[in-house]
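Comments concern the structure below.
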Amino acid sequence: MSGRETRTLRSPLTDGVVNVLLGLVAAVWLLPYLWMLSTSFKTLPEIVRAPTAPLPSGLDLGAYRAVLESMPLARYFWNTTVMALGIAFTQIAVALPAGYALAKLKFAGRGVAFGLVVATLLIPAQVRFVPVFALLAEVGWVNTMTALILPFGVSAFGTFLIRQALMSVPDSLIEAARMDGASELRIIYGLLGPMLRPTLVSFFLFSFVYHWNDYFWPLVMTTDDAVRTLPLGIALLREQGTGVRWHIVMAGNVLLSAPALAVFAFAQRHLLRAVASKA
Amino acid sequence: MRPSRRFDPLWMLGPTLVLLVVFFFVPLLQAAKSSLYEWDLLTPPRYVGLDNYRALIDSGELGHALSTTLIMSAVVVVGSMALGLGLALALNRPTRFAGFVRSAVFSAYVVSWVSVALLWLWVLDADAGALTALCRALHLPTTHWLGNPKSALYALSGVTIWKIAGYSMVLFLAGLQDIPRSLYEAASLDGAGAWQRFVNVTWPLLRPTAAFVGTTSLIISFQVFDVVRVMTQGGPVRSTSVFVYAIYEQVFLNLRVGRASALVVVFFVLLLGLTALQLWAWRKKGAA
Amino acid sequence: MSFSRRAFLALAATGCAASTAPPGRKTAPLWFTYGGKNRQVLEGLVKTFNLSQGEHWITPIYQGDYFEGLAKLRTAIAARRAPALSHVVGEVVPYLAQADVLEPLDDYPGARQLDIVPALGQAGSWIGGAERRLVALPFNRSTPIAYLNGKLFAEKNLAAPKTWDELRAVARAFTHDGRHGFGCPIDWWFWAALVGQAGGDVVEPDGRVSLGGEAGERALDFWKTLVLDDKSMKPPPGRDYNAWEQTNQDFLGARVAMIWTSTAFLKYLEENAPFPVVAAPLPAERRRAVPTGGTHWIMLRAAPAEQKPTAWAFLRFMHETANAITWATRTGYMPVTRAAIAQLEAEGYYQKHPNDRVALDQLGVARPWPWSPDLFRVQREIVQPRLEGAVLGGKGTRQSLDEARALATRWR
């Protein structure tokens, strides 16, 4: 990494002060999660007595058991993962040829096609959900995995990324492959796809995490447990009327946050690259 | 390059364009059309012309959604930009510890909004939550953070800032790292102190990034929904009824699809304006 | 019971209740909107039903609170994926009936012999309900009642207030040192109770939305007096069921000495309060009056035909005396059949649990809703926000109600 502040103003004292401040910053972002984790291992009487005690008196798994009892957790996990995988894969599969055509081929209407893709950035989910819902209701696809995946089959962002990446691939490479007898299909998925792997991996992770976490669309498109996703299921834990049982809500929240944090821990670089490349 | 077969672009772009038309453009036109009807999803729609718009304006709901969203956006944009910039400046160092803190801050961006909302629902609990306990320990005044109509919107804004500050930070860091060290060295050779280096070197070169971060935060803040739904359901006394939540409520709780579509049309126009802003900022960054 | 044993039983119960039915059974989904304790009781009854016979199987699915659940139900109807069985609040039944999405129940076997308590069933819940096709059966029916902190009231030697003036005095007596004398969610239901007590009706029998006229204003002003002038009433913040929950917590934490809330929370409050809980009827102003609340069972016309006999079998099960008693005595809702009440009386149940009797006795002064399809819209869109605005936001009473009335007539 470059562009650092010059060394001349660093001294052990300022370093120490800065590190304390940085520690406080880290605390603001980490302590809430740690408290959530701690709460999830407490019992209800413990919470009523000493809600802000930093450590639980013991590792009580009652809250986790209650979460498992009150919802088909495994099914929600499965639904969410299938949905996010389906979306990310579909987006890449669709964006590769589209990005290729927009980057490499000259044909009538290319500008219009590109413009249409750009235009969809202006039409977010909240603008299109009611008519899409009505359409899917007409064909009986509400509350199915199709309703969760298909409307997100195209990613303008992904199409851009791929187009951008392909523009720096020399034409000669493709022409050579053509002369070797490769079909366009082969070139796109067999040659260029693997070449773009870092970009695709970053995008895949970004899209996967984004849709795994999505709450709004599944909220609107599902009506019962069949394809309900995890964020919806966990959000239902805040039951009304007879007292929120915080340890259970926090246990559910731990289960909800863990996968995203795990992906983040293992794939930070890729995610950061995807985020930074949006700029 | 020429396509190897003339109809190649057709199948390459076909799936994309079909999906776009079916799931983006047609719904947009449908929403505009629906806004002229009264429809409850259970019985056939009834044409009412511009009545929905009139009702939204007369009842004050449109104005209220606008003002609530704008207030929240203002707080979120300013807050997340300032915080993001501050964090980027402070964490722009090569130590492992700084790397660890950067990850900690960014981690909030990676989890779902539901996760953040449930977490802060607990932290902001008026009786048992950590924030109240902290304030009491420091002898600061407390209130019912999420239940007081005066503070609820700001509480939600704070939660939003907490979640997206990491995103601003990453973008600012990228911008900072694009600034050549030679400029700093030249400036300090000229005798410039840290503040002057910031004002004369860092900020001018960072301005396009800042504009970009600003407009992106603005668009994110306009689309806030999950925290409202999970934490306050638009209350108390509708003080957190932001645009997207108002649309949702009209469709699913009031069963007024026509009125919701009218809100959607207004929302879309607003987004158009904001995106034009973002394009202008992006062009400035490209030009810089 | 140790946690692991309870967990095992509950797991077994959910394992049976929530997962797939054994082969050969006719199944039907039941969408319910309960959390916490009442949910456990319901799921227990579903499990008993499933295991007590070999033909039918009910799959219970949790859908959030009343409002969320209602939203999903209407969405599902629109998407042609309606469940066979669900339950909804009384205010919305006329609307659903008019939209023709409810399955008429008159002709199902045994429908006319269910022996329902008249005030709780369709006949008594809506004006003219008896003359219409049967579409709703009572499930968890309630009235608002007052809960008193027995210890605090004994210390000051005070009794439950019987009039509005007495309530004001009692509330003031308990308001000191950070504690409030009275707490009540700022909710349409309780306002309707006050309107009735002040001598008016929220919606006139002919469907005209009068909002109680002068009585409506006096009801709202009464709250304002308690909250803003006497400061003896703690208004719970938050919306919908958040507000109700906060009221319960304030009562349990002895931060409020007396609350108004549903009889539905009777068992919950009794079991969790570190002091004796005394239930009492609501006071009178010009007269005694309470609305009824809770929900009614409904079957959806759009559900697959094969599911309906199963749903009906479960409804008959819930109306059997033993099950009606189980439901009522474990939650606090009222028993829905006359046979159930008779048996409880014969067993001396009400002598041992006088609190359970309060809601039942108030049925004599319960006011039915008009059969008005607009009722829920009036409640949710027009009145509820204005109640909050007037009491918590400081808006003028007459102005708020006039606005509401105007909106109710214009934007049908």
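Just a few scattered comments:
Going by the order they are written in, the chains are A, B and C; count residues from 1 in each one.
By definition in this document, contacts are C-beta pairs under 8 Å (C-beta built on N, C-alpha and C of every residue); 3 or more make two chains touch, one makes a residue touch a chain.
Note that this is a predicted model, so its numbers are computed, not measured.
The pair with more inter-chain C-beta contacts, choosing from B-C and A-C, is A-C. Of all the chains, the one whose CA centre sits at the greatest distance from that of chain A is C.
Each chain gets one centre point, the mean of its Cα atoms, and the points for chain A and chain B are 16 Å apart.
In terms of their C-alpha centroids, the spacing between chain A and chain C amounts to 40 Å. Looking at chain C, one finds that residues 72, 75, 78, 240, 242, 249 touch two or more other chains.
Residue positions of chain B touching 2 or more other chains, listed in rising order: 41, 127, 252. The residues of chain A that reach two or more other chains are 134, listed in rising order.
If you check the complex, the residues on chain B that touch chain A are 1-5, 8-9, 11-13, 15-17, 19-20, 22-28, 30-31, 34, 41, 87, 90-94, 97-98, 100-101, 103-115, 117-123, 125, 127-130, 133, 162, 166-167, 170-171, 174-181, 184-185, 188, 194, 209, 212, 216, 223, 225-226, 229-230, 244, 247-248, 251-252, 257, 260-261, 264, 267-268, 271-272, 275, 285. Those residues of chain C that touch chain A in the complex are listed here as 3, 7, 10-11, 14, 18-19, 29, 31, 35-39, 61-65, 72, 75-76, 78-81, 83, 240-242, 244-245, 248-249, 252, 264-265, 268, 272. Of all residues in chain B, only 40-43, 55, 59, 127, 144, 146-149, 232-238, 252-255 touch chain C in the complex they form.
Those residues of chain A whose C-beta lies close enough to touch chain B in the complex are 1-6, 8-9, 18-19, 21-23, 25-26, 28-33, 35-36, 39, 47-48, 51-52, 94-95, 97-98, 100-102, 104-107, 109-110, 113, 116-117, 119-124, 126-132, 134-135, 150-151, 153-154, 159, 171, 174-175, 178, 184, 188, 209, 212-216, 219-220, 231-232, 234-235, 237-238, 246, 249-250, 252-253, 256-257, 260-261, 263-264, 268, 271-272, 275-276, 278-279.
Partner chain C is touched in their complex by these residues of chain A: 62, 65-66, 68-72, 133-134, 136-137, 140, 142-143, 223-225, 236, 239-245.
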